[in-house]
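As written, the chain order gives the labels A, B and C, with residue 1 at the start of each chain.
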């Protein structure tokens, strides 16, 4: 249940984020759908490969696919003033996908009794996959490697799940919302980690 | 039979398209072979991952590999006037790979009794994989996201296979040739889909 | 034993090469860790997918993960004069990863009784995967497609393993060191293959 909910949330959010990037780059209708699909399902495929779920199980999820297509259709045909709003909220949908998939990766690694270091890495790689595919395909620098704090929130999610601090559906939803909020705060206030140039 | 024929056609076509892109970018002999191999087998690996075939089965296809290497060798050592011709026909070999792999993806999804929406998405993602890998590696904008109609033809192939409108080897070959022709007509007459900028 | 040793050497080397590229690009602390992780485990995942090892087995390798993290930590907090040295030696760590993973790919293909052509292609694709992921993510042209001889050494490793010319751990280690040396000599003396522009 938790898994399915996070799955549908993450897939739709990544689909919308891909569609928004495609519209920013002035792609045509099918380009919008393709980039949305590749982002949504590419992220899911990376997640499945990383955590050992058979990849072709994604084709059985007709509901998921229809939801993603419907969400992209709504974005494409939305009135202009809403799109202006949505464009600004690219970071928002991306944050939702990041958070949902990071928690899924952590749950999967925990259920296989892996050590906490592996749970954290699984959370990070699972969370960032969709955004990386989207940005590489659109010829952009991957958001994960940009300035504001991004993957730290996947890391934090992995840590909290790995320490068994969340148990119920409600707990997971709270964790999910908290991670999305932290990511959005990072964007708003331009939070950065220390860095060191060569 | 249909499957094997499409497989060898698609793999050789993607190998040649990768080799042609590498020669356009002035890569050396091994660069040409590498980009050809990565395009041909990367596309096949994406197809296998997406439709649930064990990936390491590609190593058992010695004939496929030798055909791809032979095709790239012919392209590399071809007289200049033929290469000029081949350069222009990059779109042609790419169209062949797109069409062959799209039909394979659709056949695989159909044989697993997936709904038609999944068959169409499988056709699109399987068809566009090889070209995306080739263009990303060569530092180009993926052809699937450029102006002329591209993925629509994979979508159409998925729709026709999903509706069980093709049954015999001859039917599949006709569908394959029709898709290649439509893609080439899109390039020649610069057919575009509607688009909407933000 | 040979396998595990090559695995840990290759993973740490790719992790360091990813961290160095990230520091050259002035990424922050987590960006350094992420690019290092994605390079190290992305290369390993590509290797696993290509040679048919279950991908989620990477999460069981806690030692491997800790070694990679420790190596990246050392690189990040190293005094500046050492980093200057390390920056120049990006090619060195990349060569180690290339050589270790190429030999692994060749061993795996040989153990499955594939023909020598498949062993060579497995060596090449397995060896170059990590470096390709790293360079694409950092927005660079993949090192495999640049001027100096690179993938030839993976090809040579595949050929030697495929011909059963190495049998003991000592043999494999000598082959590994020879391949690294040849790659470094290619960089130092700017060895190139013939090429032909269109």
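Keep in mind that, in the parts below, a residue touches a chain if its C-beta (ideal position, glycine included) is under 8 Å from a C-beta of that chain, and two chains touch if they have at least 3 such contacts.
Given the structure is predicted, the values throughout are model-derived calculations rather than measurements.
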| query | Between subunit B and subunit A, is it the same set of residue numbers doing the touching on each side, over half shared, or a different set? | reply | different
| Any idea what the CA-fit rotation angle from subunit A to subunit C is, to the nearest 5 degrees? | 120
| remark: Expressed in whole Å, how far the mean CA point of subunit A lies from that of subunit B is 29
| message | Show the residues in subunit A shared as contacts by 2 or more other chains, in ascending order. | response | 49, 136
| remark: Per the touch rule, the subunit A residues reaching subunit C in their complex are 49-52, 109, 112, 114-115, 117-118, 121-122, 124-125, 128, 132, 136, 141-142, 144-145, 147, 149-152, 155, 192-198
| Contact footprint of subunit A on subunit C as seen in their complex | 20, 22-32, 34-35, 37-38, 41, 45, 49, 54-56, 59-62, 65-66, 69, 76, 83-84, 87, 136-139
